[in-house]
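Chains here go by letter, A, B and C, matching the order in which they are written, and residues are numbered from 1 within each.
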């Protein structure tokens, strides 16, 4: 697997070197040899860590960046154990935003407010705890609507043009459904419904009043009842993967995060997904008033610095953070199908030049223009509230309770926290 | 009737009080009835065994499917094309040899230590009466009652300070001295009649010799049960090795396979099941070989005379 | 039966008795020590630390203060804790007897010389070694409310509205119990099989000569002979039921909790508070409650067992 990625990295690094000269002002890196370590996961399928390490080393010949691999599924537990034992790397990658307050509260992260961030970078606020910046975003996935152009053509339905509201989505799902496939597939995660409700319907997950979620839940239940998408209970019993449902053309549409672009490209190349024409569009909106800058949700991925780092490495580590957030790094990341936190037309060009990527304007618009709200607001209550909302999600979709009752019960549970 | 001692054992005989033959008193009719009953029992057993194996069967079949074929609606039990190459890939692309060696070493050492120290301590608990014994035993049992997740991080930090993390030794000390073996062996030692030890004491044997020469030979089935269960649990453990073993050359089979699967771009679930199938087969074989100790255990009566 | 060294024929003087006690203590500890060295350092120390952490508001990194019994008063009022406590009892009350009956039945059935017994025993043990991921996926399919084979059989038998099993509030826990019994029976079967080997064969012979039938032999010979094994299995099974965790996690529909937190158990509560919400002190207090529940159940079983064996 590594071999497949290596040449791509080499090219990308070379490309970035020519642009490096005009890089932003960075904290001074010491002259002598320095080695810093960065935590990462699944290195063979997640090339971003090695890519950024190589890019940074190319800028500073005296610096060595070593990536320490952790298990992806148990990443936070293992990093926590190593931080506790004092054996964690210098730079701690923040895989999930909801753990940031935990690390901060435990005194494990350094204040990085003095790292200069480029204008227009998204996701930085997710790493602010009590007004202090504890990490720097380099990657920002957001949710879009994937669609199968071939199935749309067969059904005679017009492609999503960037102006869709949820009504348009419901109508299309009904028209696209045949005996062979469903109109759309919505995965079992609670964020598939709640993320959009939080982002578009003025929701505050700490308010305790979740009536703003009712509309999207009622729509989903109606689609399930009409047979336009697979119902939640069947999906739970059969545990289909969203890659299989969309990639094998069992569904014509799929709301999903932008990370799936790279997966779909590689699965189509390997034959694990069917060959068909596809694109992605902005996620349907609550009303047409927001279509110019579509509202969606997503969490960033970022780098923080271990509070136990030795003093002589701090400047180098901060320079690495600044580099990861820079326009140069963004172009590197886009070149391997990753959505960087900092986007621009230039970055978009690199991203859509990847072989197998869609080339239409709506896809490009959806990728570069959006108002992405955080999926997990940074608070020490986020985890507890999300778990209550997870129960609510199941209760509504398994029809164990009515939408109103489940919302009422969730409010009571949140109030009792 | 001790069937094992008779020559020319009939093909289907039983020592169980439930599926028993009716002994020499049985007349012809009930003999025929008993045979019919045995056949029905066998058919039921076979049906039952097949039902038990369904998830395993599903796991094996899934390992031969394409990655997006594993879960689908409606359910497909057989793959479109059989991906035998998953097994080849797994053997050639991974450090399977090293991981297998590590796992065998780990499971064997843990099992050996658990059986040895467990049965040794069990003798102290079962056959020696001293103040505080029952309280100490309750402390042993009490630690089983605490979920590992609730103290695994403090334990990890403690072992990290002893520079034991990232070694197989950490997992040995973690798993070899559990309360389970002590408890199991204590219960079995208590079934062994006291007269046997008394007689040995009159012959001048020390308590240690009684443990080695009377207790151990008499508890072969219990030792086999302990050894099998310990071996299987160590072999299948995932979270322990994941937390402690960070460098590739120290990994166990479970850890290596999961990692290989997670790092494989194209194949996901089917490869996972390939790994799971491969990791189950050795312990199934070991179990198949080890289970015979449950019928060849020594009847206490044999030693009494 | 348990007291070995004291010789009842002599009536020892007080001094001799205390000397004997000392000798027995040393002897007992000499047997226990090799195991205790490992056990005491590796397991006991962190477990005892946990009791202190339960009295603090530590986060996972050990940052926080001593707050006395604050965690426990908060636990009592926590609806999720109450729910998980009830669910844990509900699960255990169903799972413990069911597993004992099934695994003992299997052990009796397979403690024979039937042809292929090695295969059957291995088959019965397979659920225990099959990956929990595969188990969850297959059982989810079997229990599928609309198209699952189990409900199709139920409909065929004339039950018009079969339960929603894992997606239903009332039936999720019984479904979990069925699956966990199916999974655990092989493990406890092994213990019973080993225990059955220790029942003296001549007792069966004697009972048979006395004209005892199968059922009488089971109750008068097998069960009394299995008493130490039965104690072992009951205690282990009760503790394991109170601690049940991984199966519940993988069986929850869509990765979320079942409706109305119908299957949330104590271990899950502890994990949620400790690892998801990072309230390590609070999670530890839940673990301490779990510890005392198990210990109480064990002591009760210990006393019952002692009275029976007298």
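We take it that a contact is a pair of C-beta atoms (placed from the backbone, for glycine too) under 8 Å apart; a residue touches a chain by one contact, two chains touch by 3 or more.
Computed from a prediction, not measured in an experiment: that's the story for all the values here.
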What topology does the chain touch graph have (line, ring, star, complete, other)?
complete
When A-C and A-B are ranked by contacting C-beta pairs, first comes A-C
Give, as an integer number of Å, the spacing between the C-alpha centres of subunit C and subunit B.
16
Could you state the distance in Å from the CA-based centre of subunit A to that of subunit C?
41
So, what's the distance in Å between the C-alpha centres of subunit B and subunit A?
42
What are the residues of subunit C that contact at least two other chains?
60, 137, 141, 147, 275
Give me the residues of subunit A that touch two or more other chains.
77, 80, 84, 234-235, 238-239
Where subunit B touches two or more other chains at once, by residue number:
71, 74-75, 153
Listed in rising order, subunit A residues that touch subunit B in their complex are 1, 4, 42-45, 71-74, 77-78, 80-81, 84-87, 230, 234-235, 238-241, 243-244, 247-248, 250, 266-267, 270, 272-273
Under the definition above, what is the set of subunit A residues touching subunit C in their complex?
76-77, 80, 83-84, 99, 102, 105-108, 188-190, 232-239, 380, 383-384, 387, 390-391, 393-395, 397-398, 400-401, 409, 413, 416
Can you name the residues of subunit B that touch subunit A in the complex?
66-75, 152-153, 156-157, 160-161, 165, 239, 242-243, 258-259, 262-269
Can you list the subunit B residues touching subunit C in their complex?
1-3, 9, 11-20, 23, 38, 41-42, 45, 48-49, 52-56, 58-59, 62, 71, 74-75, 113, 116-118, 120-121, 123-133, 136, 138-147, 149-151, 153-155, 158-159, 173-174, 176-184, 187-188, 190-192, 194, 197, 207, 211, 219, 221-222, 224-225, 228-229, 232, 236, 272-273, 276, 280, 283-284, 287-288, 291-292, 294-295, 297, 299-301
So in the complex, the part of subunit C that touches subunit A is made up of which residues?
59-63, 78-80, 137, 140-141, 143-148, 164, 166-169, 252-261, 272, 275-278
